[in-house]
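Each of the next two complexes has subunit A plus one more chain, namely subunit B in the first and subunit C in the second.
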Partner chain A sequence: MGLTYQSTGQSSTREIFHTLADDCDYVIALAGNPNTGKSTVFNALTGLRQHTGNWPGKTVQRAEGSYIYKSHRYRLIDLPGTYSLLSNSADEEVARDFICFARPDATIVVVDATCLERNLNLALQVMEITGRVVICVNLIDEARRKKIRIDTDKLSKRLGVPVVATAARSGEGMPRLKELVSDVANKRVQTKPQPVRYSQDVEDAIARLEPRVKAIVGNSINSRWLTLRLLDGDTRLVQTMENYLNAGKTVPVMPVGQEGLA
Partner chain B sequence: MSATTTLNCLSNGSFALVKEVVAEGLTRRRLLDLGLVPGTKVEVIRRSPAGDPIAFNIRGAVIALRRDVAGQVLVSPWK
Partner chain C sequence: MQKSLIPLLEDAQEIAGLRRNQLQDNIVASIYSTAEQIAGEVVSHTSPKRQDLDRQIDNILTSPIWGFPIMFGVLAVVFWVTIVGANIPSNLLATGLFWIEERLTDLFMALNAPGWLHGFLVLGVYRSLAWVVSVMLPPMAIFFPLFTLLEDLGYLPRVAFNLDRFFKKAGAHGKQALTMSMGFGCNAAGIIACRIIESPRERLIATLTNNFVPCNGRFPTLIALVSIFIAGSVSLSLSSFIATLTVAGLVVFGITVTLAISWLLSITILRGELSSFALELPPYRRPLLGQVLVRSVLDRTIFVLSRAVVIAAPAGGLIWILANTTVDGASLLSTLAGWLDTPAKFMGLDGFILLAFILGLPANEIVLPILLMSYVCGGAMTELASLADLRHLLVEQHGWTWLTALCTMIFSLCHWPCGTTLLTIQREQRSRRWTLLAALIPTAVGVVVCVFINNLVRLLDLV
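Our next item is the complex of A and B:
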């Protein structure tokens, strides 16, 4: 049978997602709200013709493709469209688990330029898990038609991650997107994601619990994010972690968490 | 300030501002993720033939909510 992820631990977590790191240099995830043109961005990057359609829930499971940019091969994973990573629907879990446990080298969050506000919720949630994010403000052509102007420089400064405006249908902005993704994936650009600050009560609880969470999970997963999920009482996530990470290490998470809050 | 009602009690074509989401747990999370935070303006687009679910325009996306879920969002009608 060879080595399974159980026998090799977290080092081969990617194997669970059937994303072999051998045949590519970087793994890139593509996330976004439903109906923001994620699949169109996917096709524009990979040159594939994955079916695109204008209805929610079209990408039920992940689609994969790859492209070559400056002699590096990038494997692109098209995640299901979701409004959130926290409500525990099957689609959201697929997206969350991939970003969280497969630890892509960069995550592109596709947002709809015509209703940016509603899309930034997901962008911020992704940025809580990983800072290696590129925001792709898609459908910029449609926004222009509606006389909406997006200040990508300002948005980038406020969020602390690169932002690019695109119209994937016509290919506008795609070269710049590839450039930014490569910069983030190979760490030429250091992102500084601005963390979401919660109320003082929550921040106090995080301050008490996070060091203990970190002592258990180390750098295998973002400890602030995991602490927030434990404070949420998300027990399903703990089960999921046991599947993906080294089981022996994750077992004590709950008891320590509860004790830390007592 | 106009009276408080719930999202499911509004008639088609009317607007309202979200005052509070009284749902708890995952339903609350879901509603907040859909953009139903206090101060959000919502438009009632249409109802299905049976009157349930109801389609709303929430921050630029058309979202259908079942009556029992919509009933957990307190709003004040906006004229």
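Our next item is the complex of A and C:
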């Protein structure tokens, strides 16, 4: 009997991303569009406890840091800024693979309050992979200046995940963000992500295929999302998935630099 | 127990079937409309936003109906201003620079300098420089600021947006619209820009077809050729109108060829998957006029001109030598041109034109100066004081017709990329085969189109 995805489990897939859970209690991913102040959020959360390097086998910059909240250590992984997780750019692939395979305890999606609509596309796509999401509506100060009002309670209800408005530059909302992240990470709060409803023919195709996908991947990966990718014909994802499913850890791992303060 | 998703992938392909592209679009559309709906519910504005104005402008500039006519119109206005505006300074520069040539000749005479030295330096090097400056500088000095202005306004991403669906239909990546737009600046830069395309297949398509849009070196060539040829043949207002349409038409032709060849490549040697991307339309900005002027003059005009000058000076000397070294009673230049004459004539060109393209391999900027130089050196006429004389040289002495001009312009659009671009392709792709193909494809297209047009026009007795 070969190694299956379930038997190799979470810790081994995390190893591939060099995110050992040993030295921290929770792993948190930070996703967001470019120019949403994602780095500012990252800096505001981690301060100077940061390391930079490259993603394994990719020329994509990677930063990670950690912070302590209520005596738990949270390791924060800064994913590349992307507009979506659908296409094949190296950035998007890194972000998607991390959320999908390293299965962080929570994913913060930073969205720009001044153009929420465009930013929600990424949030919706992240929520298709994982429900453990906290939406950080950043640049809320700029939105106020532009007389844009955002009803975060309604947004939270509509998406089914916690939402917090922040202005990372001034630190506004950061304590609340940490609180929500800890709630989601240690499952004090159960999220109920509202899935995107597709057109009837897509939904029909999903209904036909999803049970069989589920039979293979179990609960380890969101089967609805994976079914969609199969329908998409995303052969690269399937290839990566194959490696995880059958060989566990033989995905090529390149050495990463973890030294130096950012 | 081995578990695999691959059989499921095959089933999924079967379920999706022929509608897969449509399915992908459906998925993306559903995500976008959900985002739009949610944003609509939770966001409220208490004051009208500037973004709304941007969006209204975008709706017009990128509308399926108005997008293309507006693009063509903008293009035409830019060319028209360039052609009309360049006419007078070109004449002034030509007059001034050739007056200096006469004084230089006087100087050499007074110093009793040997004839070959005068020929090489004045009639070769100096004269080709004078051609480069007077024929190329004015169009560049007008065209580049206008083009930079469009860039600064934020119009180019809208152009890319308009073209995106065509590239998709051609089986190429939407980002190719961007790399193609870069190609309008410089094909070598456009090739480097192809790095933004992740899929190797689509990047190759973009690389191989980048040369079909005229770069900074060829734009002035086209504009100068059009102005020389058409100026004076009909009344000024009509001629500038025809000239504008010609250049704009050539650009549209170049884009069409880009799409056609992309499509051909994607169904033959570069078959494969389509990938999608998000194109962010940046907000419109008020351009900083000072910056536009400085950037376009320093970065583009001076850069292109100095490159042309650096290459044209030795090329001018070389041509003078070729024209004045005689073997068996004929100059090397006319012998070489004679060899090329038969195939060139079949393409609607002549031996000198084809030779100029070959000698112009280092930089497209010098093709026209080389051509004029070889005509002048080869012919009896040595005094050219104005653009009208140039026209005379082409039409009366070398039998140019509108067909010759058209074929020359088409060949300028579709022939091997310049040396720099070829080196860049080699560096980016690390493959002699693809570099060779990048030279062969446009050349083949150019030859086929020129032969076709030339013979069709002759068959129909239109010249």
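Following the convention adopted for this analysis, the second predicted complex is superposed on the first by the 220 of 262 C-alpha atoms of A that agree within 3 Å, B and C clash if a C-alpha of one lies under 4 Å from a C-alpha of the other, contacts with A are read in each partner's own complex, and residues count from 1 in each chain.
As a convention for this text, a residue touches a chain if its C-beta (ideal position, glycine included) is under 8 Å from a C-beta of that chain, and two chains touch if they have at least 3 such contacts.
It should be emphasised that the depicted structure is a prediction, and the values quoted were computed from it without experimental measurement.
S.K.: Clash or fit: subunit B against subunit C, after overlaying the two structures on subunit A?
M.R.: They clash.
S.K.: With the two structures laid over each other on chain A, which partner does A:R158 touch: subunit B (first), subunit C (second), both, or neither?
M.R.: second
S.K.: Once the shared chain is lined up, is A:Q190 touching subunit B (first), subunit C (second), both, or neither of them?
M.R.: In the superposition, A:Q190 contacts neither subunit B nor subunit C.
S.K.: Based on the superposed arrangement, let me know which partner A:S170 touches: subunit B (first), subunit C (second), both, or neither?
M.R.: Neither partner.
S.K.: Look at A:E117 in the shared chain and tell me whether it touches subunit B only, subunit C only, both, or neither; answer first, second, both or neither.
M.R.: both
S.K.: Comparing subunit B against subunit C, which has contacts with more of the residues in subunit A?
M.R.: It is C that touches the greater number of subunit A residues.
S.K.: Output check: A:Y83 vs subunit B and subunit C. Expected answer is one of first, second, both, neither. What do you get?
M.R.: both
S.K.: In the superposed model, identify the part of subunit C that clashes with subunit B, out of 1-9, 55-63 or 361-369.
M.R.: Clashes with subunit B appear only in stretch 55-63.
S.K.: So which bits of subunit A does subunit B touch that subunit C touches too?
M.R.: 83-84, 86-88, 115, 117-118, 121
S.K.: Name, in rising order, each residue of subunit A that touches subunit B in their complex.
M.R.: For subunit A paired with subunit B, touching residues are 33, 35, 83-84, 86-88, 112, 114-115, 117-118, 121.
S.K.: Which positions of subunit A touch subunit C when the two form their complex?
M.R.: Spelled out, the residues of subunit A in touch with subunit C are 1-2, 4-5, 83-84, 86-90, 115-118, 120-121, 123-125, 146-152, 154-155, 158-159, 196-199, 201-202, 205, 208-209, 212-213, 216-217, 226-228, 230-233, 235, 238, 241-242, 245-246.
S.K.: Please name which positions on subunit B make contact with subunit A in the complex.
M.R.: Where subunit B meets subunit A, its residues are 26, 29-30, 33-35, 58-61.
S.K.: Spell out the residues on subunit C that touch subunit A in their complex, using ranges where they run on.
M.R.: Result: residues 1-6, 8-9, 11-13, 15-16, 19-20, 23-24, 26-28, 30-32, 34-36, 38-47, 49, 51, 198-199, 273, 275-278, 280 of subunit C touch subunit A.
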